[in-house]
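Both complexes below contain chain A, partnered by chain B and then by chain C.
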Partner chain A sequence: MHGFYDFVSGPLVWISFILFICGSLYRLITMAVLAKEKDPMVYAYMDFYYAIRSIFHWIIPFGSVNMRRQPAMTIVTFAFHICLICVPLFLFAHVILWKESWNISWWFLSDGAADIMTMIVIGSCIFFLVRRLTRPEVRYLTSYSDFITLAIVAAPFITGFWVYHQWIGYKIMLIFHILSGEIMLVAIPFTRLSHMIFFPFTRGYMGSEFGAVKNARDW
Partner chain B sequence: MRKNILIYMAIMVLGSLFFNVSVFSQEDITAVEDSAFDVRQIMRPPVPFFHDEHNEKAGVEECNICHHTYEDGKKVEDDSSEGMECSECHTLEDKSDPAPLVRVYHLQCKGCHEERKAGPVMCGECHIK
Partner chain C sequence: MAEPALKTGEIFDEGLDKGIAKLTPEKIEQVVSSVLANETGARLRVYTDTCVHCGLCSEACHFYLSNDNNPAFSPAGKVKQTLWEILKKKGRVSPEFIKHAAEIAYTECNLCRRCSMYCPFGIDIAYLMLVIRRICHKLGVTPQYIQTTAHSHAATLNQMWVKDDEWIDTLMWQEEEAQDEISDLRIPLEKEGADVFYSVIGPEPKFRAQLIYQAAVIMNGAGVDWTMPATPGWDNSDMCMYTGDNEVMGRLKRAHFEAAMRLKVKRIVMGECGHAFRSVYDMGNRWLTWKMPPIPVIHALEFYHDIFKEGKIKIARKYDQPVTLHDPCNVVRGRGLHEMSRYVVNQTCEKLIEMEPNREHNFCCSAGGGVINCGPPFKNKRVEGNRTKAEQLFVAKAKGAKTVIAPCHNCHGGLEDIIHHYGLNMELKFLGDIIYECMEK
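Right after this comes the complex of A and B.
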C-alpha cells in the first residue's frame, strides 16, 4: 500500500497538474487560432465593458431572466458550483498537504462545513442525474458522455466523503479518492468540463455581440 | 508516638503521590496530544502512540531523532529535548491557524514512515475514528 500511495500522491499529482495546465493552455490557444481563421469578426466584436457586464449578470444568482424562470435549477446550480470549487481548495486536509510539501498555506474551512458542502455536491449530482433521465427536453440533448462527465465530477466527492468518515475499505478508498481527483483535473480541458476555462470567453463574447452590436441584453 | 506514625504515613502517602506524578513518563504515553492545539478547534481524533512500544518496534534508539535541539540552524547530535512538548519550540503564533505545528508533526512522523516504507502515512491510519 505504501508504494501505491506514494505513486498516486507523488508522480501522478505532478502529471495531472501538468496535463491540466498545459491542456488548458492548448485548448485556449487552438480555440483562439480557430476563431481567427473561421470567424475573425469575433475579435472585432469583443468589447471589455460589455463582456464584464454580461459575465457579472451570469455569476450573480438570479441575475438573468432564464435563472428567474427556473428557480430550483438556479439554486442547485449555484450551490453546486460554489461547493465544487471551494471544498477542494479550502479543505484542511488539502491545505495541510500543500503546507507540508511547499510550506505555503491559506484559509481553510472547518471540517464540519466541508462535510455539509460535500453533501451538497453529491446531492446536486443526483439532482442533475435524475433531471437528465426524466425531463424529455433534457434527455433529448443528453449523450453517454454527459453521464460519464457527471460520474467524473461526483467520484472525488463520494470517495472523499467516504474516507473522511473512515468507512469500510478506508485505504483503498483513499487511493480511489486521489485517483478520481486526478482524473477530474485532467478531464477539465478535454471534456465538457472545459466550460470552466471557456466560460469567461464565451459569455464575454455573447455579451459583446448583444451589447455592442445588437444593443440588447443577453441575460 | 501514634501521632508521629500518622504524620510519617501522611508524608509517605503524599510523597508517593508526588513521586508517581513526577515519574509519569514516556512509558505512559498512549497518544500524542500537544497542548498547543486549541481544544475547541481540534478537528481530528488523537493519534494513538504508545511511546516505548513504538520506538522498540521501529528500532529507534536515539531519543533525539524526535526530541531534537538545534544550534545555529544545525541539529546538535549529542543533545536532546525529551520532556519538552514540540510546541514549546515550534510555537504557534496564531492559535487559529494550527498548520505550522501540524506540519512539523506530520513531517517528522510521516516523513520517517515514508522513508522506511513502514508505519502509517494516510490521514485515517493515524487519526483513527
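Right after this comes the complex of A and C.
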C-alpha cells in the first residue's frame, strides 16, 4: 500500500508530466511537419492578425453567434474549462506540493472557492453526459470513447472532492486521485482531449481563411 | 452506439449505381489509401482528431433543420457516416457504402461553409466532404448529371458543350440584338490591352444569352473598356472542382487565366456566379499553386459597386417593388461582398427588406456545391432539404418583399425551385436584371 502510494506520487508523476509535455510537443511537431509536407497552404494562408481575431471571438463568452444561440451550453462550457484549468493549478494542496519539492510557489485559491469550482467541474461533466445521452444530434455522434474521455476528465475531480472532504476510504481515494490525474495528463495529447492543444491552430486557420482571403467574419 | 434507421428511400442514379457495379473491395481500399496517403495530411488528421462530437455545428446546416433535425443531416453526422467510417475501417468498405457516401457528399452538402462558423474549432466540414468526393471521383462513382458537365469541361473547356463557333456566334447575335436598343453598342472580341476581361459561365450562352446582352449594355453605359475572348477560356465555371476532378479543374482555370493573360487585360470581371468565383479565387488557383489569382479577379457584385460608387451609371427610375436580397455563400462567406451588394441594391431599388439571418450567416440556397447539377434524381431531396430557406423567404414576403434578388446562377436555380415548390409566388432576379431595367441608357 505504502509502496504503491510512493510509486504513484513519485516516479509516476514524473512519467506522466514527461508524457504530457513530450506527447503534446510530439503531436504538435509531427502535425507541423506533416502540414509542411502535405498541406503547405496552411502556412501560406495562416495570418497572425486574423487568427488572433477569430480565437479572441471564440474564447470570449458569448463572443460568437452560436454561443448566443446556445446560452446554457456556453455558460457550462466556459465555467467548466475555467475551473478545470484553475483548480489543479491553484489548489492550495497542490501549490504546497510544488513548494515542498521545488521550493516554488504561487497564488492559490481559498479552499472554499476550490470546493465550489470542483463541484462546477463535476456538475458540468454530468451536464455533458446528460446532453450526450438526450440530444439526438449529439447522441448520433457519440461513440464509447466519448464516455471514456468524459470519465477520464471527471475522475480526478470526483476523487479529489472525496479526499478533501475526508469521506470514507479517503486514503485509498487519494491514490486513485493521483492516478486519475496522471491518466488525464497523459490522455491530453493522445485522445480527443487534444482539442486543447489544437484549438488555436484549427480556429486560427479558419479565422485566417475567412479574414485574410475571404474578407468575412467566422464567429 | 446503436443507431436507428435514419433515412428512407433509395435513389437510383445511373452514375452512382453503374459506378459501384464496377468496384471491388480491393479497388476501394487501394484508392482510399492512395488519396489519404498522398493527397491529405495534417488538416484531415487534426479535423478528425479535434472534433469533440459535441453537435454544435448541427443547427448551422439547412439540411439538418429542414429535415426536422435529423442528425444524419448534421454536418458532423455526415462526416461520421463517411470519413470516420472510412478511417476506422482503413478503407475496407463495401461498394454500397461508397454509394451512400457519394450520395451524402455530392447531394446532401452544399460545401457552403456555414458550419465552420458554428463549430467552436472551425472544423472545415466542406473540406472533409470534398475529400470524400475526391475518393468517389477516383473510384468512378459520381452522379451522372454532374459528371456529364464535367465531361463537357474536359472535352471543350466549357460546361455546356458549346462549340467554339457557337460561342462567337452567340456574342455577335447578342451584339446585334442590343444594337436595336443602343445603336453604337459593341461586344468587343479579342481586344488586346482592354481594362476588363469579362467572363461568364457556360450556361449563359446556352440558355441565358439575354444576360450577356444586359452585361454589354451595362458595360457600354458605364463606359468600360472591356473585351471577351473568342477562344476557349471564356467559361469561368467549374463542375470538376465539385466532382473531385482536380486535374481538369486545373486545366479549366489555367485556360481562363491564360486567355486573360494573352489579351493583356488589367483584370477579370466575372458575371453573377458564385461557384465560378470560388473556383477562380479559392480552389482552382490553389491547385495551380497560385496563392492568390495571378491577375485580379472581380466578381460582378464588386464591379457593380465600383461603377455605382464612381457614378458611371445613372438610375433613371428606381425599381419600385420591395425586394429582398439573397447572400450567395461563395461571394459572401467566400469574399465578403455583402455590403457592396447592399450598396448597389439601395442605389437601384426603392426598398430592401432583409431576410434573417443574413450576410455571413445567410442560409445557402441548397443548389450550391454542385448539388443542383446532380440533377433530377436528387431534386426533391434538395428542395425539401431547404425548407429553412423557404421559411426565410416567406417571412420576407410577409414583410412586403415581392422580388428576390439572387446574384448567383446556382442560387437562382435553387431559389427558383424553392419558390415554386413552396408556392411562394415571388419574382426572382439577378442584380444585373435590375440595373439593366433601371439604368439610364
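Note that in this section the second predicted complex is superposed on the first by the 219 of 219 C-alpha atoms of A that agree within 3 Å, B and C clash if a C-alpha of one lies under 4 Å from a C-alpha of the other, contacts with A are read in each partner's own complex, and residues count from 1 in each chain.
Methods note: a residue touches a chain if its C-beta (ideal position, glycine included) is under 8 Å from a C-beta of that chain, and two chains touch if they have at least 3 such contacts.
Note that the structure is predicted; figures quoted are calculated from it, not measured.
*Asks:* Under the stated touch criterion, name the partner, chain B or chain C, that contacts more residues in chain A.
*Replies:* Comparing chain B with chain C, the partner touching more chain A residues is C.
*Asks:* Figure out whether A:Val153 sits in contact with chain B (first) or chain C (second), or with both, or with neither.
*Replies:* A:Val153 contacts neither chain B nor chain C.
*Asks:* Is A:Leu84 contacted by the first partner chain B, the second partner chain C, both or neither?
*Replies:* In the superposition, A:Leu84 contacts neither chain B nor chain C.
*Asks:* Have a look at where A:Ala187 lands relative to chain B and chain C in the superposition and call it first, second, both or neither.
*Replies:* A:Ala187 contacts neither chain B nor chain C.
*Asks:* With the two structures laid over each other on chain A, which partner does A:Val163 touch: chain B (first), chain C (second), both, or neither?
*Replies:* first
*Asks:* Now for A:Ala93: first (chain B), second (chain C), both, or neither, which partner does it touch?
*Replies:* first
*Asks:* Quick check on the superposed pair: does A:Leu174 touch chain B, chain C, both, or neither? Answer first, second, both or neither.
*Replies:* So A:Leu174 only meets chain B here.
*Asks:* Check whether A:Asp6 is in contact with chain B, with chain C, with both or with neither, and answer first, second, both or neither.
*Replies:* first
*Asks:* Taking the superposition as given, does A:Ser105 touch the first partner, chain B, the second, chain C, both, or neither?
*Replies:* first
*Asks:* Contact residues on chain A for chain C in the complex?
*Replies:* 31-32, 34-35, 37-39, 41-42, 44-45, 54, 58, 64-66, 69-70, 73, 135-144, 146, 192, 194-195, 198-199, 201-203, 205-207, 210, 213-219
*Asks:* Considering only the defined contacts, which chain A positions touch chain B in the complex?
*Replies:* Against chain B, chain A makes touches at 2-3, 5-6, 92-93, 95-96, 99-100, 103, 105, 108, 110-111, 163, 165-166, 170-171, 174.
*Asks:* What residues of chain C sit close enough to touch chain A in their complex?
*Replies:* 1, 3, 39-43, 45-47, 49-56, 58-60, 64, 69, 71-72, 74, 76-77, 80, 116-118, 120-124, 282, 286, 291-292, 332-337, 357, 360-361
*Asks:* Any idea which chain B residues touch chain A in the complex?
*Replies:* 43-44, 97, 99-100, 102-103, 106-107, 110, 114, 117-118, 121-125, 128-129
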